[in-house]
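You will see two complexes here that share chain A, one where it goes with chain B and one where it goes with chain C.
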Partner chain A sequence: MIAQDDTTTAPPAPATAAGADAAPPTRTPPAPRRKRRRAWDEAPRWQIYLPLGIYLLFTLIPFYWIVLFAVRPAGSTSLLPWPMTTAHFEKVWTERAFATFFQNSLLIGLATLVTTTVVALAGGYALARFDFRIKKGFMLALLCSQFVPGALLLVPLFQIFANLSMINSLGSVIIAETVFQLPLSMILISGFIKNVPYSLEEAAWVDGCSRFAAFRIVVLPLLRPGLVAVGSFAFVHSWNHFLFALMFLSSQEKQTIPVGLNTLMGADSVDLGALAAGGVIAALPVVIVFAFIQKWLVTGFSAGAVKG
Partner chain B sequence: MATAVTPPPKAPATSETPQAPARRRRTGVAPRRLPYLLIAPAALLMLGFIAYPVLSVFYYSLQHYNPTKPWRNGFAGFDNFTRIFTDDPHFWGTLTFSLKWVAVEVTLQLLFGLALALIVNQTFVGRAVGRALVFSPWAVSGVLTSAIWVLLYNSQTGITRYLADMGLGEYGTSWLSDTSTVFSAVVVADLWRGVPFFAILILADLQSVPKDLYEAAEVDGAGRIRQFAHITLPHLKDAIILSTLLRAVWEFNNVDLLYTLTGGGPAGETTTLPLYIANTSVDAHNFGYASALTTVAFVILLFCSMVYLRLSKFGGESK
Partner chain C sequence: MTIFRSGRRRAASALALATVLALTVTACGDDGSGAAGDKGTEGSGKGEITFWDNNGGVRTDVWKEIIKDFEAANPDIKVTYVGVASTEVQSKYDTAIQGGGLPDVGGVGAAMLAGIAAQNALEPLDARLESSALKGKLNAGMVDSVKSAGGQGKLFTVPTSASNGVLYYRTDLFKTAGLEEPTTWSKFYTAADKLTAKDKNRFGYTIRGGSGSIAQALDAMYGQSGITSFWNGDKTTVNDPKNVAALEKYVGLFKKNTPAADVNNDFTKMVAQWDSGEIGMLNHNLGSYKDHVKALGTEKFRGIPNPTTDDGTRVQVSNPVDGLGLFSSSKNKAAAWKFIEFAASHRSNSKWNESAGAIPANTEAAKDAWIQKAEPTKLAAEVLFSGKAQIVQLPYYLPDWNTISKADNEPAFQKVLLGKSTAKEFLDSLAEQLNTAQAEWKSQNK
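Let's look at the complex of A and B:
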């Protein structure tokens, strides 16, 4: 900041330190601003960086560990990822069929994202904009469904999908993931829609828009951060989820990454390099998605999600 | 917030603009039926794949039902339930472990998550990167968490080996297969993934604390600790209650991590009730008995949630 101020006012000084000293008038304006900073958000720096640094170690060492094991040659005990090898990745990707798993997981994740968002958007709009007779009961059902453990419904769900002859088809997992994502997604989305003033929509009707057109043109663009949060939630969840795929998909070419990882762990003598490489493959898409949406996630939640 | 929940204006209300009602009628759905149409897909999905399975669990809980022993199938009355409470060598043990697991995990996750949220809510250089890094394990699955900690806890090449190199502990310790260390080992692994959940939710709620409250407190001479106790904490109360409850239910039900990390072992030491149920229904095919166990788990969960909401006076004073 200081250097920039200097270049505009002071003549090109030979040394930067001298330049900073030579231009006291330009440094006076920022001073009052600094004074106005409020003490409540001014903890001493070490009180931020020290605990944060310690916690970061706890967070990052496991990540480092798995990357380290994935890239260092088998039998090496070096703590540095050098020399590097891609052997583990090649092995997992082809021999252990992670290429297929990856495709399946991606397909399930994207399909769940789309179905969850669309269905939750419709329901969320109804909850936010209408008063109807079964609304209270429906909301209660949504909340209660949070207590229903998907893991404990495995057997009846299995029977249902068997009756629909959907066992061993990705559709069964997509439906199951969507259903268990829906309640929370709908509650969140209806909260986002409530934050968009109804008068905006009404104005669009007056201008001749149908209800749907008004929604599409006026409301939908404003919902973007919320939809990104909900959609990525759905994607990450179904990408990560393990039990449904384990139960409903029996053949190897239908299975997903978490199931593949579990198989690697369950082997009699665990191939740690392969396991680590598989883990890195499992983590990559989610970490990338997460890096993009991280900021929206917090704003999305604070936009009235919990307060409804 | 709730101001927008008004029924859609009827056509006569906007009759000054003759075009509008005509256009709206073109959608072909009477506004009265529209909300039902909109929630129909969600409602049908939830009826078919949540409500119906739940009811069938209740039904099977009163049956002897085991596909591998069809000659014994039939109405059981409360046999399954009496067996759970009087004659099941695993039920009480797994239930106790579940409660211990949930209590320890949720408490620690909340404390660390709260602290973390308060830290990354400050303004400091590198905040965006710090937040992203600290939150990142949230996106990691239970199975992947297991994979990571299997690598870390491995007795040959895990972290213990390097600790032993530095003179801490002994070579060849395997924290996951020793009954005295396995609990702390899985708790730490699950904390690693669970803390960011609380941190994200609490951070989101921290954004909505009115800033002028702090300024006023400052003028009145309140220090940072008193500001936290009298402004921040009361404001966060509802969010904390709701997120701890959701998390407790989630931790109780979620079997991914324990299933893949320890499989409930060693010696059944880390078997939660849901894991025991899954084993009973999937491995032993005893669906009737597993359904009765599931019903009991439901009731316990609902009862605990009610008590918790009542005791914590959720939504009480703040509204």
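Let's look at the complex of A and C:
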């Protein structure tokens, strides 16, 4: 495609009555190339940073408050985190068994991440590359499954896991989390796979690859942003999810961080320092995960949004 | 070829991984047996039992200590402790009643007792208590209270403790302002006014406008009106003109003598701002005493029973009595009962209540020395057991009580605070719901 450059060619000279007596057309100098500026490029800096700053303030103050309560000694009313103590962290980590809760949450989060990603990859590939009779209906069912809240299925799920002798087993939560996250993950992954040209896979087949090898060698590396998006979504969701862990896990040795946090609030009494320290422990892995993957995450979600 | 060989290896690894994962996920699970309606068995009195603590977390340590003592005294019985957060215990019981997985023993507060008992999940304990060493050693008022709360005239829990409404006030602020102790409602309102200096972010009182607001408002209403019964025949007294006037006066404190944010106050926020700010008075129960001590020490505040009317009449609403229930689906009821007996015995009951700052149900435990040292508990016990206070028994026996006193009416109370509805409109609506629930309950229990 040839682009039309209207800045370097002069407009045709208007025809005049004098005809040949007319002066020869002169080439007008090219108009200076003007960069199209967006409105916000021209706005004063403060108009950008002030709203952002106010927004950040509103977002960060609750976090500051949690950290403040977590590090200042009990009874202190200081608005600054000084003098500082680690007593609340020590208390929740050892006395309130947050070390165990953390380990369980991590195990559930990682297992959900792996199972969701692997199954969603396989399902998403099928949705993206194969045509089958009930494909549209299946996609619709996947979408509709998002309208069903987990609480609605609690009792049937409980009975299923009870029949499988899986109550008070981390596996019950991993399975439930995976099942609830699969529909969205499959839809997302199929969108990413559709973005990879089919001809790349065909070229790999011509070179002797099997379908699986072509997928692994050619398609999979291109899906990295999508996998990061789906995987992190699965991890964070299962890390924060409360209901299944509360209902399916009973012994303290199996409980997770959100359930543990909830037990820090008694019926009539609450240890705010310990609660805040527990909150920091709960938030930290999510913050770290997002700090590392945010670039891929944004790329992944926007890439998946182009085609669906 | 290389691809195929490594492919097979990978397939084998994947299969092995899947097998390990499957074994891991099913390991250490149980079948979650025991739903409502399951008959259960008496069992051998030995083996393993499961206990659900209905205030898990904050009371975990003391329960583990009691369980350790119990297992030392009963080496044939092992108790599995499950701490459930108080906010979630109702839904946990409800799910287990429907889907299975009920414990052998569980903590059940009076407020949720009727709902659980109505689903036939709890074993009546009257006969067991009659032949137990606990007979005659439990506070009669608390036994009557849980019997009434069960709604069927049967004893579904062995009472372990009771709380009571407490007016906490800052002695340092009262001293500086030259105020009298808020022992009467008049003195309370005077102090709330004098201690308020909005420009300095000081307030006389913090009101509970969020979760749990209804019980506190009822306590303030009946305390001021002096009405001593919740029912007048089949009609509730909540919308009696005296109660309406009392509530109008009480909600008049909002924003005038309290922070505006109090409209969303649950006990956590209320206690947190009282402990860390300069607010003169706070109404709560005995449960938060230790938090106040931790934040303020013992010198800066006192916790006294709720104020009396000017002529010294003390009327207060009943607080839910906590207790231990034996679930009818238990396959080891004999061992479960042994645990309940042990937990309600003098030593264990005293230990638990000392830790919680609550009033023991065991009459011997109620005489222990620690009660004299915990002033609010001592004063509350004196009020409850002196016979001088009139207790308005709230209808915990109504299966709808929890819904009426929480989900249905807490938002309506917020409207009263915000001036979008009047105290009379609110109380009339509340009365209508209560009268209907009472009529339904009566027709079901003819």
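Before moving on, here are some points about what is shown:
One rule holds for everything that comes next: the second predicted complex is superposed on the first by the 260 of 308 C-alpha atoms of A that agree within 3 Å, B and C clash if a C-alpha of one lies under 4 Å from a C-alpha of the other, contacts with A are read in each partner's own complex, and residues count from 1 in each chain.
Note that a residue touches a chain if its C-beta (ideal position, glycine included) is under 8 Å from a C-beta of that chain, and two chains touch if they have at least 3 such contacts.
Treat the numbers as computed from the prediction; the structure is a model and nothing was measured.
With chain A as the common reference for superposition, the partners chain B and chain C occupy clashing space.
Judged by the touch definition given at the top, the superposed model places A:F132 against chain B, while chain C stays out of reach. Once the two complexes are overlaid on the shared chain, A:M265 sits against chain B and chain C alike.
Once the two complexes are overlaid on the shared chain, A:A277 sits clear of chain B and of chain C alike.
Contacts of A:I187 after superposition: neither chain B nor chain C is touched. Looking at the shared chain after the overlay, A:L60 reaches chain B, while chain C stays out of its contact range. Measured by the number of chain A residues touched, the leading partner among chain B and chain C is B.
In the superposed model, A:E95 lies in contact with chain C only, and not with chain B.
Judged by the touch definition given at the top, the superposed model places A:S250 against chain C, while chain B stays out of reach.
Contacts of A:I167 after superposition on the shared chain: chain C is touched, whereas chain B is not.
When both complexes are overlaid on chain A, the residue A:V228 reaches neither chain B nor chain C. On chain A, the surface touched by chain B in one complex and the surface touched by chain C in the other have residues 77, 154-156, 159, 175, 209-210, 212, 247, 262, 264-265, 270, 272 in common. Across the complex, chain A is touched by residues 1-9, 14, 17, 19-20, 23-24, 26-27, 31, 34-36, 38-39, 41-43, 45-46, 48-54, 56-57, 60, 112, 115-116, 119-120, 122-124, 128, 130-144, 146-152, 154, 157, 159, 161-162, 192, 200-201, 203-205, 207-208, 211, 214-215, 217-218, 224, 227, 238-239, 242, 246, 249, 252-256, 259-260, 274, 277-278, 281-282, 287, 290-291, 294, 297-298, 301-302, 305 of chain B. Chain contact summary for the complex, chain A toward chain C: residues 74-75, 77, 95-96, 111, 154-156, 158-159, 161-172, 174-175, 209-210, 212-213, 246-247, 250-252, 254, 259-260, 262-272.
On the side of chain C, the complex with chain A involves touching residues 3, 7, 21, 24-33, 50, 52, 54-61, 80-88, 91-92, 95-96, 98-101, 109, 163, 267-268, 271-272, 275-277, 284-288, 290-291, 294-297. Contact residues of chain A toward chain B in the complex are 38-43, 45, 48-49, 51-52, 55-56, 58-63, 65-66, 69, 77, 79, 119-120, 122-123, 125-132, 134-135, 138, 141, 145-157, 159-160, 175-176, 178-180, 182-183, 186, 193-198, 202, 205-206, 208-212, 236, 239-243, 247, 258, 261-262, 264-265, 270, 272, 275-276, 278-279, 282-283, 286-287, 289-291, 294-295, 297-302, 304-308.
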